[in-house]
Amino acid sequence: MKTLFVKDLKPGLEVTEFFVLRKKELKEYDGRRFLKLEMGDRSGRIDAVVWDNSDQLHGAAEAGEIVKVKGWVTTYKEVPQLKVDKMRRAKGEEINLADFLPASEKNPKLLYDDFRSVARTIENRHLRRLVDLLTEDSSLMERFRRAPGGKLWHHARLGGLLEHTLAVASICQKAAEMYDLVDRDLLITGALVHDIGKLNSYSVGGFFDYTDEGRLLGHVVSGDELIEQKIQKITDFPGDLALKLKHLILSHQGQLELASPVVPQTVEAIILHYADELDAKADAFSHIIKTQKTKGKKWSDWVRLIDRFIYFGED
Amino acid sequence: MKTLFVKDLKPGLEVTEFFVLRKKELKEYDGRRFLKLEMGDRSGRIDAVVWDNSDQLHGAAEAGEIVKVKGWVTTYKEVPQLKVDKMRRAKGEEINLADFLPASEKNPKLLYDDFRSVARTIENRHLRRLVDLLTEDSSLMERFRRAPGGKLWHHARLGGLLEHTLAVASICQKAAEMYDLVDRDLLITGALVHDIGKLNSYSVGGFFDYTDEGRLLGHVVSGDELIEQKIQKITDFPGDLALKLKHLILSHQGQLELASPVVPQTVEAIILHYADELDAKADAFSHIIKTQKTKGKKWSDWVRLIDRFIYFGED
Amino acid sequence: MKTLFVKDLKPGLEVTEFFVLRKKELKEYDGRRFLKLEMGDRSGRIDAVVWDNSDQLHGAAEAGEIVKVKGWVTTYKEVPQLKVDKMRRAKGEEINLADFLPASEKNPKLLYDDFRSVARTIENRHLRRLVDLLTEDSSLMERFRRAPGGKLWHHARLGGLLEHTLAVASICQKAAEMYDLVDRDLLITGALVHDIGKLNSYSVGGFFDYTDEGRLLGHVVSGDELIEQKIQKITDFPGDLALKLKHLILSHQGQLELASPVVPQTVEAIILHYADELDAKADAFSHIIKTQKTKGKKWSDWVRLIDRFIYFGED
Amino acid sequence: MKTLFVKDLKPGLEVTEFFVLRKKELKEYDGRRFLKLEMGDRSGRIDAVVWDNSDQLHGAAEAGEIVKVKGWVTTYKEVPQLKVDKMRRAKGEEINLADFLPASEKNPKLLYDDFRSVARTIENRHLRRLVDLLTEDSSLMERFRRAPGGKLWHHARLGGLLEHTLAVASICQKAAEMYDLVDRDLLITGALVHDIGKLNSYSVGGFFDYTDEGRLLGHVVSGDELIEQKIQKITDFPGDLALKLKHLILSHQGQLELASPVVPQTVEAIILHYADELDAKADAFSHIIKTQKTKGKKWSDWVRLIDRFIYFGED
Amino acid sequence: MKTLFVKDLKPGLEVTEFFVLRKKELKEYDGRRFLKLEMGDRSGRIDAVVWDNSDQLHGAAEAGEIVKVKGWVTTYKEVPQLKVDKMRRAKGEEINLADFLPASEKNPKLLYDDFRSVARTIENRHLRRLVDLLTEDSSLMERFRRAPGGKLWHHARLGGLLEHTLAVASICQKAAEMYDLVDRDLLITGALVHDIGKLNSYSVGGFFDYTDEGRLLGHVVSGDELIEQKIQKITDFPGDLALKLKHLILSHQGQLELASPVVPQTVEAIILHYADELDAKADAFSHIIKTQKTKGKKWSDWVRLIDRFIYFGED
Amino acid sequence: MKTLFVKDLKPGLEVTEFFVLRKKELKEYDGRRFLKLEMGDRSGRIDAVVWDNSDQLHGAAEAGEIVKVKGWVTTYKEVPQLKVDKMRRAKGEEINLADFLPASEKNPKLLYDDFRSVARTIENRHLRRLVDLLTEDSSLMERFRRAPGGKLWHHARLGGLLEHTLAVASICQKAAEMYDLVDRDLLITGALVHDIGKLNSYSVGGFFDYTDEGRLLGHVVSGDELIEQKIQKITDFPGDLALKLKHLILSHQGQLELASPVVPQTVEAIILHYADELDAKADAFSHIIKTQKTKGKKWSDWVRLIDRFIYFGED
């Protein structure tokens, strides 16, 4: 198991430890080949370099894999750098993914129990059958329990997708109580599955990244396909209900510009969209506050994605 | 009190009844002056005309006032028309505003009680003092109890502003439980006052219309000014708290394009914005379903404001 | 078969003929119920009314169906109107759909032969298997031969989808010769199937209309699902090839704002997009010229959809 | 008083001088804490570092304050760097703000005299009373005389706000002569106060920066509030005139996207908006020409804010 | 000369008068051909119809021409209509264009004298030679004296282009005094010629309309071509000066979206753009106030082009 | 002739070779003046520095010229740098432009023969005369044969404009066969001249850059002017044909936002626009694939201009 983290690497330290190999490039300088690497774990990233055995170590692992490394910490242009002497692929039993990826602060088991509890409140037998098919698909649920809710912006942590899914469902439950025309079961089912395509859109190797499918199809369509396949297995699933549920998935981004191929056209769809936005933004803002707020600091750094600073206020 | 409504006016009927005078225009046709009017009540609108005494009746009332009319129903180009013989201003005691304006289905007294109940949950003494100043301002609260939440799109009914305010507060209460960094009292106060400027933006005469202030300043700034004036009366209201509260009002539209002069820069502001959107859109969609859904009709008419049809689904 | 068309209906004429029932509404005027209808065929539309037996005839047919009507032509407000005495559903053998819907000027059989010829040029065995599965699906191909390419704007005629598909494939064939890096088989397959979802997006009853699926899912996603289902039936279809083909369908609108959930990310996708645009716009412009150009008229009427007039030039 | 400026700091020089402390950060390198600083004055900026006494000097001053520094100039990565041995807050009498901030080339006293001259041309007694209240508010005027017109883009210099205000008023005077329907007094008053909210939006410490209020409320609303407070003090200020004046302030950015909560709805408002734009852009372009034009150089550097180069032309 | 105007046509009146033939369409109703016309003059428009001799009168004149008409005023669907018995083309000497087209209130001779006065202030000999070439081109100046500044929105009246040109030049003269880096002669020349392409973009027949060139090339490019042709005739016109002047014409719309092919890249270009906007908008707002303001009316009708109402204020 | 290219410069190498002088700046460091340069050729760029004789060598050449350099390769901050001892302007006969600029892989003579072949297919005698005038203008054609199609994005190579022109013409020929209403000769002529203004927009010195005209007028207007001048020389060129041809040039960017002053208003214009887009994007994507695709690399680097990655697929 891992005991030393990137944030603790000081010049002069000898290191034998596991890291994620984030990037790998074979370069040449003045006729001599070397490997330029980037190592990381859940606490941060560090540049690394291999001068000897670069050809051999080049084949030792691919970017995205977790490796065991022997070397020592030096500095290059006054920035810490890891000089690597040995490197090999880690074995499954040697590592704990949680050491390399940020993770939800919540207990994954409890999160998943909550997911199943919400699922059990669905009374419509077709929708209930659908969510049962999902929860019975153990390999799918295995991935669901670990999946992040995003790559960088919101819920970018192991279990983040489950956290986000439950939060959206929670707001939708509230809304179902408030608006009498809402089909509660439809809305809750939509909340539970709206982002399920993200299981195919993000890879959870040593760090979170887009998959080819994530870029070429998008999580909205991947989710629609996944649910369509489950629906095909239910013999009498009503066509109108299938359309309405799939519409919830396809329209949940709220606008065409945000990659939904259709805009929300039902009251459930419009509620789901805003519940999704509310939780995504609340989590993103909260994450910035948690990681940047320090005593006396009233403003966050510039947040490029939303083109503004965030105000923390006086202490 | 009113007994006959626009929707019940059939050709041939003699009518002595109260209506809102929605429009009034003195015109001339072939040398003869006449008055072209539009009458209305909470059930609809009807064209009306005055041929005799047009000059005299022209001075009898202004558009927006409620009038007592004597005449009979004829048709013009196969559409019912009210031929008016007499018309005078109604007196206050003769009419019940609820006959002329659509109204919330909820009991206004209970709505206002709910508002005060939510207000009493605020523990921060400065914010509590502020909402107390508001509830102690009886003329303001009188207008609040009747004000619509909008002119046409959402909550366009007597008491609609209170309904909307409570719904937004309700979603914000839920959010305050979900996100631990949120300043609950600040968020709830923001929810209660975010649209208070609408009291100055809409006139509630015989029908809902924009006031000059509503168009020239906008409800966002009117609300900011109103709260600023109350804050001025509280001796030790913290400057940072005032900024954060006013920021909630000013940024609640969420984007500059939607008439907020600043974008949300606090976690409370971003939550308030989406809670506001969720309730506004859920109400607007619900209203369209309630007024347009009939047996076998699966789609609404075209909704110009959001450029789409709304799906009702199969019966 | 049909002999009398809407454009030939003159006041006074007695009529026993087939029409599409485009709209149907049961209304009441002064205590008397009547049916307000709209009839049409490929030559135009006419208002119609039923005064006697309105309750009974109300059940005779639904909007979108073709009916046999007995009545005579009168005028209402100086516009021709069809007064209907009898109305019943038409039987399949009595009618020829081509009398009611605009149709391609090209021979549908030859169009479809062309489609199969292009399909046979595909050499990649997986893609060839896929298009074979499509052409072997006779009910799908039956619908493909009749489907319009759009509701109003381009190729809005029976066989229009096939015309458009072949034109796009033709431009793509040219492009495949011009750009050496292009995967020709992939591009041609993409061209052949890019709009196949429109089979589920438009209804071809008495006139072209959107289906519920067309509005709630959109033709882009419907096409992706349809192709995914066919791919599932091919045992060794390479995953990377499936991604690239589905990406062609999903991205062919070119921009998120135009309802593609992803933007073109391969050279084939970017070519397909512009080939699609070129043919769609060339057909739309050509259609306007054909229907509006008359001697001495240099400009079209205003074309709202593209916010401009079209110039025909001097004769 | 200051004799040595940043632009004159050469390696090897011993320095005892006043600078603005622009940034301050306590960092740790290899177990040793140090202070990373940025110093500046009206001629430029220089990095600085404190190795000894870093903890103690950390408390000596805050970013934004003016400090007296003892140290000497070295280089770091070939860029000049100031190694600081001693640092203390400057006292008010030791410094002249004009040494640290760029300033208008015009005489501040004359600028302010001009402002009062324009104010005295206002004949409407209510508007005249209002501007009198402003000029009688000596602490406000004190800040007005020094305030910049912007942080970076236009009139970013001491006295810049006054320069800009007078230029806008000057164009408005011209317009009032040209367009006969214009209410001259209203327009001139609007010109004089349109940017007065910037007094609360920018801090004029050692350098120009946004205040919390500047970011959370925006200068448009701050100006509206300030004028509203003055109007409250005038007993018979006509409501319609107040609306029109405040509308000038609120709409002067011209578009919602540019942070005006309402668009210009009066002829005075539309004129004020373009007068404001004309002067702002003319000053920004002029500033770039003045600072970048050298012999033989025909084009400016890329100007990111307006996404273009500026052409100087041939010499 | 014309004595009777459209606004004075009452039912029953016999009419022998000149009108603009605005539209002409040969139609058939129930087997009988008739001409549907629209007549107009500077006071308004009226529908007209020819029942007898429709074939013959169809060839009597084309839309856009001025005709002499004999007929009488009737009503159709309660709207006045002119029944035409005779119609022929008007002869040049019979008519005064000012009767048919709205015209500037200013004396055209004085306007043109002003134009020449401004032109004479240009000292740069190349630019002076250029404007001299323009004023020496008598047929061009003849058209300039009558040309409108727009079709509908601003300065849409005879002489309007000259009015607008002088107003823009006037603001630019003011700006040249204010900003010391400005090349005054360049800016004033740019102001004088910036819209000269409109001479080719609008036809001034019986009413203002776009020419084919106006639509296909646009007034910006037409102006650039016209000035380029004049510059070609001046032997030693400096290339850099020509570029800068043509840049003023091409960029004066200020943004690509507004049909300038380049954005303003010189200080003169940015000033010209805003001077142009200021005058165009001030005239458009003024025109709406002049034509719509009546006693007690505080707001204009909806102004579609700028998506707002205009506020007149209290009387 | 050149034998050593930038990509081959290794530290320690002595160099006597020709390079493009891309940038030149006289700087001062610690009281000593030096020249900071950038050298380049078709294989890449390298920083260079002159310490001795900097004043004298400063006058030796200007940025954009090709120079002969004597020096040796050193490193600065671990990046290769060329230390220059001598530098002089190259003479015309010493150099081959193809050594300094990327060039089309196609034979320039054959490309130009193709251009003339296409030109000879034009049958309309006016258009044929026009293209003959172009091909007879030998200095123009000389520049056409070398001109790039763009600065950075597509066809940025010697002969690139001709390649692009022929590709667009080729797609237009295909379209002319497909759409029967198209005026083939007009469309092909439009394709051949649509980008001819680029001859004046890009300088082809040592590297591709915008000319002043390219920035101040834009290639669209430069092309329109060039063709207008040729048309002026043809006595009976029909006015309507001239308008239609110039409209093709002016509208070929397709949208105002993309710097066309008018949108496509003819069927030929809309086809030309999409043919242009198709080829430009296909070339840009192809170029990225050719320069970035390596074994095992499935995705391109981020392509900022189109805000996406490009997918290469599996090997």
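We just call them A, B, C, D, E and F in the order they show up, numbering each chain from 1.
By definition in this document, a residue touches a chain if its C-beta (ideal position, glycine included) is under 8 Å from a C-beta of that chain, and two chains touch if they have at least 3 such contacts.
What you see is a predicted model, and the numbers here were worked out from it, not measured in a lab.
**Q** Find out how few touching-chain steps suffice to connect subunit D with subunit F.
**A** Steps on the shortest route: 1.
**Q** Identify the chains adjacent to both subunit C and subunit E in the sense defined at the top.
**A** Chains in contact with subunit C as well as subunit E: B, F.
**Q** Please state whether B-C or A-C has more C-beta contact pairs across its interface.
**A** A-C
**Q** Taking the mean of the CA coordinates per chain, how far is subunit B from subunit F in Å?
**A** The mean C-alpha positions of subunit B and subunit F differ by 61 Å.
**Q** Centre to centre, by mean C-alpha position, how many angstrom separate subunit E and subunit F?
**A** Computed value for the inter-centroid distance: 42 Å.
**Q** How big is the gap, in whole Å, between where the Cα atoms of subunit B centre and where those of subunit E centre?
**A** 43
**Q** Which parts of subunit C, given as residue numbers and ranges, touch two or more other chains?
**A** Residues 212, 215-216, 240, 244, 247, 265, 309, 311 of subunit C touch two or more partner chains.
**Q** Can you work out from the touch definition every pair of chains that touches here?
**A** Every touching chain pair, ordered by label, is A-B, A-C, A-D, A-F, B-C, B-D, B-E, C-E, C-F, D-E, D-F, E-F.
**Q** Name, in rising order, each residue of subunit A that touches subunit C in their complex.
**A** It is residues 212-213, 215-218, 220-221, 224-225, 228, 240, 243-244, 246-247, 250, 256-262, 265 of subunit A that touch subunit C.
**Q** Which residues of subunit D touch subunit F in the complex?
**A** 10-11, 78, 298-299, 309, 311
**Q** Residue numbers of subunit A touching subunit F in their complex, please.
**A** Residues 29-31, 212, 215-216.
**Q** What does subunit B use to touch subunit A in their complex?
**A** 167, 170-171, 174-175, 178-182, 240, 244, 247, 263, 265-267, 270-271, 274-275, 277-279, 281-283, 285-286, 289-290, 306, 308-311, 313-314
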